[in-house]
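In the two assemblies presented below, subunit A is common to both, partnered first by subunit B and then by subunit C.
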Partner chain A sequence: MSSGRQQQQLVFFNDHSIIPETSDEDSSIVGIISESPGTSAAWLVATLIENSLQGSANHINSELSKRRIKSPTLFISFKHVGDFYKKLCKRNGVDLATIKDFQYVDLFTDLFTKHIPSGTTTAATNKHLTSMFDNVIGGIKSTPVIFVEYPEILLTTTDISPNELLVQLDRLCKLSSRTFVLLSTDRTLIDFSLTDSSDPVFKVSDFISKLYHRSNINIYCQPLATGRANDLTGTLCISRGPNVIEPRTLNVASRDYLYHINRDGNVKLYLR
Partner chain B sequence: MTLSNQNADLLLRRLLLLKEPSSFYVVFDSVSQGGHPLLDELVLLCGKAHLTYLSFETINRPKYATEFIPCLGQTPQQIVQNVRKQQTGAIKLLIVVDSLNYIFNSQLPEFIKGLMHPSTVLVGIFHTDVLDSLDPNHKSYPSSHQLLQFMGTTLFTVEPLISDDREETIANETAHMFISSAPELNSSKFRLSVANRRKSGRAVSYDFIMDTKLHSAELVKEAQAPVEEDESLLKDLTTFNLTTSSKEKLAREQVELPFMEAQDSLGSMGGAIVYEFEKDDDYDEEDPYEDPF
Partner chain C sequence: MSFRKRGEVVSGTGNPLVVGRSPALTARGPVVPGRSTVPGRNNPIRGSPSTAAPVASTASNNVSSPCIRPSIVTSQPTVSTGSSDLDKLLLHSGIPLGCSLIVEESSTTDFASVLVRLFVSQGVLHNRIDDGNVQLCHLVVVGMPQSWANDLPGPYKGTSKEQKKLKIKENEQKISVSNLSNIQTERQRTGGSDLKIAWRYGLNKPEKESSDQMVETETYSNYSTQFDLTQKFSPPPSIQDISFVALSPNFTTLVNQIRQIISTKIKQHPDIVIRIVLPNLLTPSLYSPTQSSPQFILPLFHSLQSLLSTYSNNAILMTLINLDLYTRNHLITSTLENIFDGIINLQPFNQQMSALIEKAYKNEPKRIQQGLVNVIKVPVLSERGAMMVRMGEYAFKNGKHKFEIESWGIPVIDEEDSASNNQQDIPQAQTTKNIDF
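Right after this comes the complex of A and B.
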């Protein structure tokens, strides 16, 4: 299927960038990267980390002009341990272990042992979560690019409400000019017909819909609608979010890509 | 309601200039088409007003905001108290709420009432695709959407400008996770429905295609369905001839109907009841019940 198609370079914005350079301190970009179950956007996240730290995107945009400003990067994960992205980034030629500007915060491993001890009451849970985010925020020294992976897990595993979680995410967004939130789009956890606000499905649906209204750019990684193919892995949809971007000259380059990840982990992109 | 194009354009312009006596504007939007481009247009036109921005989801203070109040995590009462300090009455105040979805439906009327003031115009954005914040203690209370439709004096609804043949495809794409790369979504050109209520209770509504890059709004006229003649429905229905020829139609139109004739001769009496004797009438002068006249 991909034979005959011309390979494309990945860009997110009309200035041919993936993560645009910060030019205005009062502007911030919120991006949402969502993935369907069975499809992983980890290759894309590794590329974003590379682009943030080094300005390059070796595997999916060799023509990308290198950024003049290299941003410190903070990765907060509720899903993976640090080694997961270290391995992926090494394939892109980025050794995260040696880069001082990269900080990985694994909040999942100790979530129910250290951060929220078992038997904690609802009120105390919120205090523990606030204190957990306080610690993360306290460790931020300069304006980084921030990635938050799977924060919605807190909605199904604790008593935190969608609005309380959004307050914590807002605190992070205020410290960064570029924030990317990674989400899962499990259809069983999203239903817009519910009315019971204590239902975990309601909480996740409410959180996701409110988060999308804060976004400037949405990136959606999903499997092929037609099923499996040998030479294609999935589709990548880039779309504008409802929030306007400052400066107004910067626009999202909305388009659909088809992508293929081969056995060596190399990614090829084609326009759909 | 049918009014001229000029009236519709003028009304929209006066609304955006805040010159109409309308104190509560609600902008209904969605992830497919956000309300911020319309808000920018309003702010650009109304210019000099003192603008207080109540932020539930905006991270950075907009350049046009005179005051910026982060509201997420605060109670409606706390927000109202903060705003009331600025409502001195001397200056015209424009209050913008970037999302009314964070207020429980049962608290919404009190919140809106608390922000209203004679010198204030309130503009609130409501996302129609976000789950409603229903108060668990007031289960039978109307939804926030219904309440705002009732309370708003001017209702703006923004929708992406999608052609009919692409509507279904894009709706399918956005139904689950809001995402589609369609260029029509969140564009500077969108469909704007305006409903304005006067104090008299009279309401007018128009549809526009708005382009915020060109700062223009073009009125959308509803395409009138072609009037199909009844006779065309009868064609080929049976083997009988149920239609009328043009000659027959002309003859039918020329028939003088009896009530029209009666109006010519008797209508001149100015509404009085006139009884005219006919030759077969038997009139008895001694009969007291025969004729009251």
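Right after this comes the complex of A and C.
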């Protein structure tokens, strides 16, 4: 199927960029990257890290004009240890261990044994959450590109309410020019018919819907609706979020791509 | 005139230390078979360990363990699940160390527990390599009583005929008067002529396997074992093999207990493989309502996953969950699918399908499959973004001696048979109208 199609270069915005350059007049951009269990977006995240640190995206856009200003990058993960992205980025020619502008905050290891201990009251859990984000924010020096991976795990495992988590994410967004929130929750889990605010499904649904209302760009990796194919991995949908980007000249290049990742990790994109 | 091939090494000495032989020794000419070496004339160079030592040191300690082999796909150290077919399905030839696997089952059947038992049996067997002198593997079983380990399947010893033959051979090899007299009479009877002819035509030579397969089977001979589901593991596993951890109301206590076991074992044996097993996850008879809540189970697995990443060179985890109580759309299952590295889904056939397959394979009952095996996530590869979902492509059959997984195809029923059956069953089914257009 993909053999007859022309390979495409990935861009997210109409200025042919993946992460647009920042200026003082710009409003901050919030992007949501969501994935399904069968189609992990780790390859895309690795590319975004590469683009933010080096301005390039060698694997998915060889014609990309490099960014003039390289941004410091902060990666907060509730899902992976730092080695995971170090290995992935090495494939893209980025050695995260040697780059000073890259900071990895591992909230995955010992999350429920050290950062947010179990068996505490709701108020105490909220305190732990605030102090955890305080520590992260305290380490930020300049305006970085921030990635937050799998924050919704806090809603299903603790008493934290969606609004409290959003408040913490908003604090991060204010300090950053571009923020990407990586969601791993399957869309089938979202249920708006629930009314019990303590139900974890309600909390996740509430959090995701409120987060989408704050987003400027939504990126979704999903498997093919027609089933598995040997020469295609899934579809990559890029759409505009409800929030408007300032300056208004910058728009999201809404497109649907088909993509294929081979076993060596090379990615090919085709227009749908 | 000689029948010997040029490159063939002359046997007779049976010395495995040929690797260390110096060129001067080879120049002496071949050793005459059957002639014994003169005592005291053994060249010390032959037995010199200096040549063999670097070979052992080049391999990493962990991979040199007989229960670990490098993954076919990523070269990561990998451990067998106890089912060779499942190992193949996971593409790595097992589960890579530091990874976790969840087996889901969507029916009231209990096939998934067979896989978990095989996984445990394999661990126990690995621990008994070298008569248990070196502890290579240890199991941590969570939430089950110690009696659970008494029903583990034992290694497959062959069919009853093969076992009888083995016993006879063992008896024959014993030195006794009757055995020796039997050998002499047999030699006299045959006169050795058959053997000569057999030697000429190479009939006595064992069948040569392809070199790659031979190397693989020799190098990883203890890696994966076939288990007999009808046999119990004997002697049953002891505390040396398995640590049982009871479920506690607080998941932190549970995680700390497991962490302590792992760290203690690693201190004693740095290359040890720890297999963490949670059989029958969320079964109401084992897990209380508070232990079945997302606030308990999800932080537990999140913490266990972080434990695996801490001990990524030593620990693996396997669990099973029944999808009847917790469907794939349920919050717990969906979140667990996010957390786990590998997901296998067993989908037993419904009654109609089972009847159809039985009908199709009525003459070949060994081919009857019991359900589908769906692959949802493969450790490492799925995390990197590769599409590894395989729905309805494989089927499993749980026999006495093996849990087999093979590619699935809808069975074809013989037209003649079905036609004759139909005629017998519904004689009025044939239409009398002309259906030509």
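To be clear about the criterion, the second predicted complex is superposed on the first by the 266 of 272 C-alpha atoms of A that agree within 3 Å, B and C clash if a C-alpha of one lies under 4 Å from a C-alpha of the other, contacts with A are read in each partner's own complex, and residues count from 1 in each chain.
In this text, a contact is a pair of C-beta atoms (placed from the backbone, for glycine too) under 8 Å apart; a residue touches a chain by one contact, two chains touch by 3 or more.
What you see is a predicted model; the values in this text were computed from it and never measured.
In the superposition on chain A, A:156 makes contact with subunit C only, not with subunit B. Legend: residue contacts after superposition of the two complexes on their common chain; A:17 is shown touching neither subunit B nor subunit C. Of the two partner chains placed by the overlay, only subunit C lies in contact with A:189; subunit B stays clear of it.
Of the two partner chains placed around the shared chain by superposition, subunit B is the only one that A:237 touches, whereas subunit C remains out of contact. Of the two partner chains, neither subunit B nor subunit C is touched by A:73.
Of the two partner chains placed by superposition, only subunit B is touched by A:197; subunit C is not. In the superposed model, A:173 makes contact with subunit B only, not with subunit C.
Overlap of the subunit B and subunit C interfaces on subunit A comprises residues 185.
Residues of subunit A touching subunit C in their complex: 37-44, 79, 81, 83-84, 88, 108-113, 117-119, 150, 153, 156-159, 184-186, 188-189, 200-201, 204, 221, 223, 227-228, 232-234, 261-263, 265, 267.
Of all residues in subunit A, only 26-28, 30, 34, 163-164, 166-167, 170, 173-174, 185, 187, 190, 192, 194-195, 197, 202, 205-206, 208-210, 212-214, 218, 220, 237-244, 246, 254-256 touch subunit B in the complex they form. By the touch criterion stated above, subunit C contacts subunit A in their complex at residues 73, 250-252, 255-256, 294-295, 298-299, 302-303, 305-306, 309-310, 329, 331, 334-335, 337-338, 343, 376-377, 381-391.
For subunit B in complex with subunit A, the residues that touch the partner chain are 29-37, 40, 57-61, 63, 70, 72-73, 99, 101-102, 127, 129-134, 136, 176-183, 185-187.
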